[in-house]
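Note that the chains take the letters A, B, C, D and E in the order they are written out, and that residue 1 is the start of every chain.
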Amino acid sequence: MYKGRIECSGVGKKYGDFTALKNVDLLIEAGDFLVLFGPNGAGKTTLLKILCGMTRPTSGVAKVGGADSHSPEIRGKIGVISHKSYLYDSLTAFENLEFYGQMYGLENPRARAGELLETVELAQRKDDMVRSFSRGMTQRLSIARALVADPDFIFLDEPFTGLDHHSAVAFQALLSALHKRGKTVLMITHDIPLGVAASTRVAILKNGRKVFDEKTDGLGGDKFMKTYLEVAGK
Amino acid sequence: MYKGRIECSGVGKKYGDFTALKNVDLLIEAGDFLVLFGPNGAGKTTLLKILCGMTRPTSGVAKVGGADSHSPEIRGKIGVISHKSYLYDSLTAFENLEFYGQMYGLENPRARAGELLETVELAQRKDDMVRSFSRGMTQRLSIARALVADPDFIFLDEPFTGLDHHSAVAFQALLSALHKRGKTVLMITHDIPLGVAASTRVAILKNGRKVFDEKTDGLGGDKFMKTYLEVAGK
Amino acid sequence: MKNTLLSARAVLMKDLRTEWRTREFLGHTFMFALLVIVIFNFAFKINPQNAPGFASGILWISFLFAGTLGLGRSFLVEKENDCIQGLALSPVDRTAIFLAKFAGNLIFLLIIQVIVVPAFIVLYNVNVMENFFMQCLVFLLGDVGFMTLGTLIAAMSVNLKAREILLPVLLLPLLTPLLIFAASATASLVGGDDPSAYLGRIRLLAAFDVIFFVVSLLVFEYIMDEL
Amino acid sequence: MKNTLLSARAVLMKDLRTEWRTREFLGHTFMFALLVIVIFNFAFKINPQNAPGFASGILWISFLFAGTLGLGRSFLVEKENDCIQGLALSPVDRTAIFLAKFAGNLIFLLIIQVIVVPAFIVLYNVNVMENFFMQCLVFLLGDVGFMTLGTLIAAMSVNLKAREILLPVLLLPLLTPLLIFAASATASLVGGDDPSAYLGRIRLLAAFDVIFFVVSLLVFEYIMDEL
Amino acid sequence: MQILEKILRLADHRLVRTGLVLASAVLMTAALYLSLVWAPEAVGETDVYRIIFFHVPTAIMSYLAFFIVFAASAAYLWKGELLFDRVARVGGELGVLFCSLMLLTGMIWGKQRWGAWWLWEPRLTTALILLVIYAGYLALRNVVDNQITRARYAAVFGIIGFIDVPIVHFAIKMWGNIMHPVVIKSASDTGMSPEMTVALRVGMLAFLALFATVFLLRFRLENLSARVSSLRASSGD
């Protein structure tokens, strides 16, 4: 169980003189689905970047699956959807997935790419370059990219951005299926009802500090909305 | 009234062999608030780009305020929020707005910049570079940028992307205030309840064709949701 | 007209400000210029005897490379976050954008020259500025022509895929006459030839500048419209 | 080790594919190389008598500039949509990325040379390839050293603000010994000197390559970790 | 590591700092007197030759500084301690400073001796390349924001740059003809009159003291400012 756990203790991050995160403690158990809320600029993305090893905390320790989040051994086990797509504009959808499959050392990256394109309903457009994709299509491909190595940890930064109604519903289903299979998920979103519905735990960041962190059971969407407004509102 | 009108007749757009828009007729009266829905890749962004003169239709005519949408005379009267922010990373928030104010030939761009920064609640961060902004902060600044010249036509492509709860509510209020002041608004969004609530007219694009276009009165959010699923669903 | 100049100034000020923020910009430029000179020395085994003959060529080739480098940058800043679209959407006169970018590129090249030329004189012990006024005129006229065409081509190539390589490929052939006039005028001035040898070339340079400046102003709008 | 090579191949294939899609890539490169030669001709007034003396310098300066151009591109494609982050997140061995980028840059430079050298021979009527095998060896050894250090510095500068100018500023001084060895070896070969004149230099070039290739492999991880 | 910390602790005593400053001031005055007044005129030279008493020490000091950069860079990559990065940074700054002084004094001498500010001569050219490499090193440090990234990039460049130096020197020597004088054959055979040798030795000592003083003060400052920002980080603002 230790293997699937995420632990932050005293994590802080400064950009120059600006403090983006301050002394954040966070424990996500294996199989948890934590949804992180907070106003713009609260430090959510910064925390996610620290957890997936894209940036170093200036103080404190962040551990993913027992290892330091910046260490190489954990890399293959994390899937990330971020504000940027990480997709090559001049490669086709299929080539992008195939390439990332190769980078994650998959046995058969081509088969995996085909499979994922079906999942995100882009199979028809598989030979078009990402350059020509609409925003929602790019986001869908980005979801596929994050899942290419079937990671144990899934980190999502506003993954519903640009998805149409149908894809959003499908992605919710996909997420809950992944969660059922035992993945540990950390998701950032501004959509409170949607986030609460998906979560097993919710947390709120504000001004770089964690100001709320509870299990979701017994916490209805409406009730949490009130809490959020109290805690994070002006 | 002719002055505030947007007219498309037979608008089509092809990218190479791919047809993104096909024979779209659309009439937005002055003071209308049209919300455009449609699945990913339906051609919504393409239509918006044609209307603000960023790309030329391959067939048909698009007129904004009586003039061809590609013509220079209409440029100063349009404000656009697109998928990209159009902000300079190495300028501060204030400098960005000041610069765009100068480009739109404002009398006093600095005063306008200060005012808009208050509106989007970034006054505290006005001297920070855009490079260091979080996604929601960038989006807020992008809203301010679009409004810098107090345009008559406002084109919004998924403007709620990345906004936190508080800012989303504030932006809704801002939009309805602008609409009350007689602006013609065209907004693209995937959030059906929110879009219907703001609109005076709704339209649906699918596969590059307009498949629905009606006044909102008498069309409740729930009822429209059904219609949308029927029309756009698989 | 006044509006155009005001907008041009605004764009120029923005560009200068951005460049200035890239800390030590001048320092880097200085080192780059110095390196170009040093590299030529190793490649051609220059010595006090043959240095005067090389002077004009080395100088103009350095200007050409440094200038092309600067040109590449000038529209690239507008590509970040698609700012160029934001500019194109605004009602600002396209000519203003051309003038601003032209001025910015010219300033960059002049700074390079103000550094390279003294460094060249000290390191190679060839006083290329003996006929100070005329030589400055040659540099200035050469620069104006270079940057007129350069700004135009840089604007064209910024949206293209093979940008880095297409810029020199499109620009250099257009510049060959300019290079010939300018390099030979500089060489005459260094060699201390009599005025008849360089006055004609200076006149040709001026003609080149005028023709291309006018043409560029006229056609720039069509290019900006497509950005 | 096998995994590293497989991943390196995947990255290289991706890069080649992307470059290839930038239509007419080879055509542009060809024109660029040609232009550099022509420009030198005008700048230095080269004629059949002095051409052999210039040959080595012109060739190596062209290679240097074209190569630096290519280096700038090589990591830039990874910056679009922050792909470099996507790569850095993956468990792929950092050495693989270094090797792939190194190989890609080397291929680019070799293509340039395959075009420039024949063009040079035809245009200047100087057969620089008389001692074909040795000259190829000199080119190859020079290229390997150039691209080893070049790939390293390009990786460092890709995330920096003054990228375009910092790359040559950091790289060129490190390359001076290479330029000296290579240019003088080429010159000896063109001049038909006896083997003792160039064999030593070729050995030095090889030593330079080995030293910096090993050092680069050792330190590359520290840089890739920060991308 | 431990030695560095000990040195830092020593420098915390005001007495030590004042003492160092005083010592280098005294030595510098002595060196000035010995070289400008006391040392005899050289045969076949004008008084400009006296520049050698500054030219040679600055050259040696810049070598020392660049070596410090190299050693500290390697130590940083090995141990990952930012303390070494600070040593490297100070070394780089001092190196560029002394290297510039060496070039400047050399050029002034050269103008008088050779009639030109510059010759493309191995020793001179090597020095110029050296300066450009380490100016690049400082430029690189200046454009990277994140301190760990900066430390790593700088360390890599510092190592490669240093390895390059002897190769550059060798290459340029092979390439051009030598004009720069070689007077000092060894420590015992300085090729100069005894007075000159004494003056040069005192000058060397004075510059060494100057180097040590500036280095220590600068290094201490770096560490203090690093401590301030880490205190700020843990206190929260």
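As a working rule, a residue touches a chain if its C-beta (ideal position, glycine included) is under 8 Å from a C-beta of that chain, and two chains touch if they have at least 3 such contacts.
Computed from a predicted model, the values in this text were never measured in an experiment.
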| request: Please give the intersection of the contact partners of chain B with those of chain C. | output: none
| field | Partner chains that chain C and chain D have in common | value | E
| said: Can you check which chain pair, C-E or D-E, has more C-beta pairs in contact? | reply: D-E
| Distance between the centres, which are taken as Cα means, of chain D and chain B, whole angstrom | 47
| field | Inter-centroid spacing, chain B versus chain A (mean Cα positions, whole Å) | value | 28
| query | When the C-alpha atoms of chain B and chain E are each averaged to a single point, how far apart are the two points in Å? | reply | 60
| said: Multi-chain contacts only, two chains or more: what residues does chain B have there? | reply: 90
| query | Multi-chain contacts in chain C: which residues touch at least two other chains? | reply | 21-24, 28, 31, 35, 38, 42, 45, 161
| Sequence positions of chain E contacting 2 or more other chains | 129, 132, 136, 139, 143, 146, 148, 175
| remark: Interface with chain C, chain D side, in the complex: residues 21-25, 28-29, 31-32, 35, 38-40, 42-45, 54, 56-58, 60-61, 64-65, 69, 72-73, 161-162, 164-166, 168-169, 172-173, 176, 179-180, 183
| field | Complex interface listing, chain C residues touching chain B | value | 3, 6-7, 10-11, 14, 17-18, 21-22, 77, 80-83, 85-92
| remark: chain C contacts chain E in the complex at 22-24, 27-28, 31, 34-35, 38, 41-42, 45-48, 122-125
| task | Can you check the complex and tell me which residues of chain E touch chain D? | result | 77, 129, 132-133, 136, 139-140, 143-144, 146, 148-149, 152-153, 155-157, 159-161, 163-164, 167-168, 170-172, 174-175
| note | Contacts from chain D onto chain E in the complex sit at residues 149, 152-153, 156, 159-162, 166, 169-170, 173-174, 176-177, 180-181, 184, 204, 208, 211-212, 215-216, 219, 222-223, 225-226
